[in-house]
Amino acid sequence: MLGFGIIKGLAETWRNFIGSYYDPARLTTVQYPEQKLPPNENARTIPFLVFDGEDPMAGLRCTACSICAQECPAHCIEIVKDTTKKPDYLGKMQFYPKVFNIDMGVCMACGICAEVCPFDSIKMDRVFELSSHDRGMVLQKSDLAKPNDYFREIHPTEAAAVDAARAEEQRKAEAKKAANPVLAKS
Amino acid sequence: MMAVSDLQTSRAGDSAGHDLLEVSMGPHHPSTHGVFRMNVVLDGETVVKLSPVFGYLHRNHEKIAEKNSYLASIPYTDRLDYICSMTNNWAYVLSVEKLTGLAVPERAEYIRVIVGELTRLFNHACLAGFLLQDMGALGTPLMYAFREREKILDLFESLSGARMMCNYMRFGGCRCDLPDGWLEQAAKTVANFDSFLDHFEALLTGNEIIRARSDGVGVLPAALAINAGVTGPGLRASGVNYDIRKVDKYGIYSRFDFRVPLGERGDVFDRYMVRILEMRQSLKILEAAMRDIPAGAIIDPKAKLRNLRPKAGEAYGRIEGPKGELGFYLISDGSATPYRFRIRPPSLINLTVLEDMCLGHTIADVVIILGSIDIVLGEVDR
Amino acid sequence: MTSSARACLKTRLLMQTLEQIKDRITASFPDARLEIIANGSPANQPSLLLDHAHARQIARFLRDDPALRFDYASNVTGVDWPEKIVKEKIKVKKIIDGVEKEMEEVSDRKTSAFLESVYHLYSMTLGHGPLVIRLRTVNRGDDVALPSLTPVWRSCEFQEREIFDLFGIQFQGHPDLRRILMWDNFVDHPMRKDYVPTDSGEVAL
Amino acid sequence: MKGLDQIFISTQHALAGLAPAPLQPLVSMVLIIACLMSVFGACFALTTILERKTLGRMQNRFGPNRVGPFGLLQPMADGIKMIIKEDIVPFSADHALHFLAPLVLTVPIWLAFSVLPFGRNMTAVELDAGILFFFAIGSASELAVFMAGWSSQNKYSLVGAMRAVAQMISYEVPLVLSSVPVLMAAGSLSLSDIVQAQSGCALGWLPHWNVFTPWGLAGFALFLIAAAAESNRCPFDLPEGESELIAGYLTEYSGFKYALFFLGEYLGLFAVTGLAVTLFLGGWQAPAAWLEWVPSWGWFAVKFSAIIFLAIWIRATLPRLRMDQLLNFAWKFLVPLALINLLVAVAWLKTGTWRFPAAAEVRWLLGASVLAIAYVCLGRHWNGPAPRPRQYSYAE
């Protein structure tokens, strides 16, 4: 109990005090609004819906299959199917969502919806500055829709894989169509 | 062998004629680590009775899980012990794997060990920080611990997408493979952690005030610790050699060469020291795991994430979480949702002996004893 | 063989099968009614059903017996098994038109309703486990009771309180049986399968 | 350089000279009071921000840096926040005492500054028994703290107040005992005389400051420890002990009253720091003759800041003691060591007549070794048997 440990401890804090003036490892704080950490490619925050082409409502990949709504742990997704079908990128007739709402007050950003979606339609966003002046916590289809270019920008690796797979499927479908013109016509 | 008699729960004795002071510590008290509450009866500053009150954070996770699919419960487990989501995931998927008989590919096992040990590292470091905060050290050790924790959380973010609520493991493997360069980054972090520990110990271990505060405070005898089901570093600080990584050898822990540090007296200082020594052992495991990790698949091809319907039956799986034995008891009735989903929370059960450890000590000791038990209220109240 | 692998082998050898444990208990408690409950999952964790009268004695025996030494009750929990109708196919031999034929007959059988408490026991001294023991109530009414094992294992204290709180099993001999997670004025037991949540939880109208 | 050194005095005289002759003493007093209150008020504001920034740097972060350049206007923002906050008084509190406690704490502490010599000729009131006045004023804060704790009708406040009273009474003893050798050496109770007695140099380079004698060094350390406890600084901040007692006797205070408590606490720290500088570090004296071009109040400020920095540094590093250990430390370590120090000081003063070669060195070594032995013997045992090093075994 002679105080040597205390002196050792004081030396330790002194090292950090002096270090904070020249060593970036001793001053790890980021001055947030002016200075931001480089975005992380895999980071996920809230879900969004990917659309192809120019028109968000026409190009939505979502087919209202409701798998995400079933699997959502917090049950925050509400989907109402449209009554009519529209052709998708392969030319197949699919349903489309009339209503697609996500209650962001309930969403826990787990990413299970994006994981189970078989149409690569729902993906996880990377925005984190989500505070707002109103309580618009229920995001509608129009709020959620974001272009594929945006998806490519935030998750380049994953988007490239998705695009390649979709192009491959499209190519196969076209080849099939070419081989079987009769089937295609009907 | 120890002769264990029936250990009666100790209740407060009389006060020898003094007027007693009854203080309600918590749920909004700075050092109850959340919304924990203790009704403390004091004689002067000495504790003569202490009864814990729980439930302020209760959300009936078990009932929620009974209504959700097996997959949808994984993000909920993140929120149990919200500091160590990776190990919570692991315990849960381990139980589902026992229930379904899924195998885990080699690479996924290695990844699990790596993220699990990283979790243990920052949990223990932060605990030492919180403990010093409870002793009144104004956050300096906590900030140093958080500085290192940030580096590990960055790794978790680039791996799983989230820093704390990782939702990373899946029954039969893991959700996604390691990104490029992740292992190198992790190896760097682990290499730095050793020198961080040296400096951390220079700040804390030899400090006379810490020694005076923690020596002989909150002694937990080994026999009581076993009987009361205390697990984790708290048990090993009392000198009981029981580490589930060694006993059950779940995953691939039998391949790693590490030792289990054991305490001498079972007081607060031992609980702190055992955690420091455990971190050093974890570093050894991490180095070996990062060296040996093979390439390959990361999830069992038979694993079916959606609509999993295990055969009717039950399974209890447990791991050595950073706070103690974290177990999940699952009963399946053959449907897509668990029939019964039970969490064995180490934090709650380690609190059983809180009163025994605190009696006769002062109110300042109650705080550090609670701090040395290492509880997270998300897990205590579920 | 590394020393850890040898130690692992040792624990496996020490761990006896459930039948052996049952025989061991029966030898000490001849009039105890024990039953092995099979477990259909690959986990291979069958359990042992104890009767109320001997439960605490058997628990103490399991804890103190030198070959078993289950000194650590890890997980204690309740399970609610409400009455349900199981369709069973029974093969019946019937004589139809003088010819004996095997017929399948579907019959409805009501399972009995009960609450259950499950204890997962391990041995810290010998390193084996788990031994799963169960206790069942006679029905699932409001004042069903089971013997408390808290006097044997302190670790049951909060967990039995939790079962009392969430399932409504009274544990006889528990030193401090109060609600633990729900507040004191709460009336129902939320983990029962037929629980209907109310707004306040205090008056279930 | 003389002009800069005496700038405050000459300004005071010039300003007072403008007033009619009968009013001159009064005007001059008001000027001094205004000057003291503004300087140490500003010092309080500056210390809060610098403390937070230093703590931040020691904890690998910036500390407050948003309000004004480098965050220097943060105390203004804090002050505005404190003033406009709702002042909550518990329903069952003793309202009169609850209101008076912060005032009773702050007012006497201002008085303590009146006897401190901040520079050459810069003492507000030249008292012959200045140090006695200082200690008498300093002990008034116990009353205020207990008033606060008692009137709040809160259990945490009460426990905090009891701790504070026990702590302050215990630590006053070593505080006074460790300053007694200085009085013996100077032969005066006047603080100006004490500073004067420390002028000059020994051996041509070592200033005659008390801290450079064995008893002075030990006394300085004892004085700093006791002063930290008197002003409730870490590691003796038990009366507040935020991890145990939420905020101790401050628990039920909010708004401006809370700010007043903080003001009182920091002023108490400044006052004892100023006294430590005066008693042990030669007051406003420059360390060497060729450095005398720096004004005397500048030297006081430098020494003063160094001790304040030490207090902040310690606060960033150490956890706090427990109540029983705190009292053990006072009565079983500080008080005996202070008494031994007193004896060493007596021997030192008596042997001042030694005239053989290297007499100074021999005196120094003898005094230091007696104190070192006492330190080791007392230091080992003040908290019961010394903890032995532990062996941790590993299981495979």
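Read from first to last, the chains carry the letters A, B, C and D; within each, the first residue is number 1.
To be clear about the criterion, contacts are C-beta pairs under 8 Å (C-beta built on N, C-alpha and C of every residue); 3 or more make two chains touch, one makes a residue touch a chain.
Note that the coordinates shown come from a computational prediction; the quantities given were computed from them, not determined experimentally.
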Maximum centroid distance from chain C, chain identifier (CA atoms): D
Innermost chain by mean C-alpha position: B
B-D or A-D, whichever has more C-beta pairs in contact: B-D
Distance from the mean Cα position of chain C to that of chain A, given in whole angstrom: 44
Centroid distance [mean C-alpha coordinates] between chain D and chain C, Å: 66
For chain A paired with chain D, centre-to-centre distance based on mean C-alpha positions, whole Å: 58
Set of chain C residues in contact with two or more other chains: 4
Residues of chain A whose C-beta touches two or more other chains: 1-3, 6, 9, 12-13, 16, 28
Residues within chain D bordering two or more other chains: 58-61, 316-318, 383, 387, 396
Complex interface listing, chain B residues touching chain C: 1, 4, 6-9, 11, 54-55, 58, 60, 62-63, 98-101, 224, 226-231, 240, 242, 246-247, 249, 254, 310-318, 325, 327, 329, 331-332, 339-340, 342, 344, 348-349, 351-353, 381-382
Touching residues (chain side chain D, partner chain A) in the complex: 54, 57-62, 313-314, 316-318, 375-376, 379-380, 382-383, 386-387
Chain B-touching residues of chain A, taken from the complex the two chains share: 1-6, 8-9, 11-13, 15-16, 28, 40-44, 67, 70-73, 108-112, 115-116, 124
Touching residues (chain side chain B, partner chain A) in the complex: 68-69, 71-76, 78-79, 140, 144, 147, 150, 154, 157-162, 165, 167, 175-176, 179, 199, 202-212, 305-306
In the complex with chain B, residue positions of chain C that touch it: 4-5, 8, 11, 39-43, 45, 60, 63-64, 66, 71-75, 77, 79-80, 118, 120, 124-125, 127, 130, 132, 150-159, 166, 175-176, 179-183, 190-191, 195
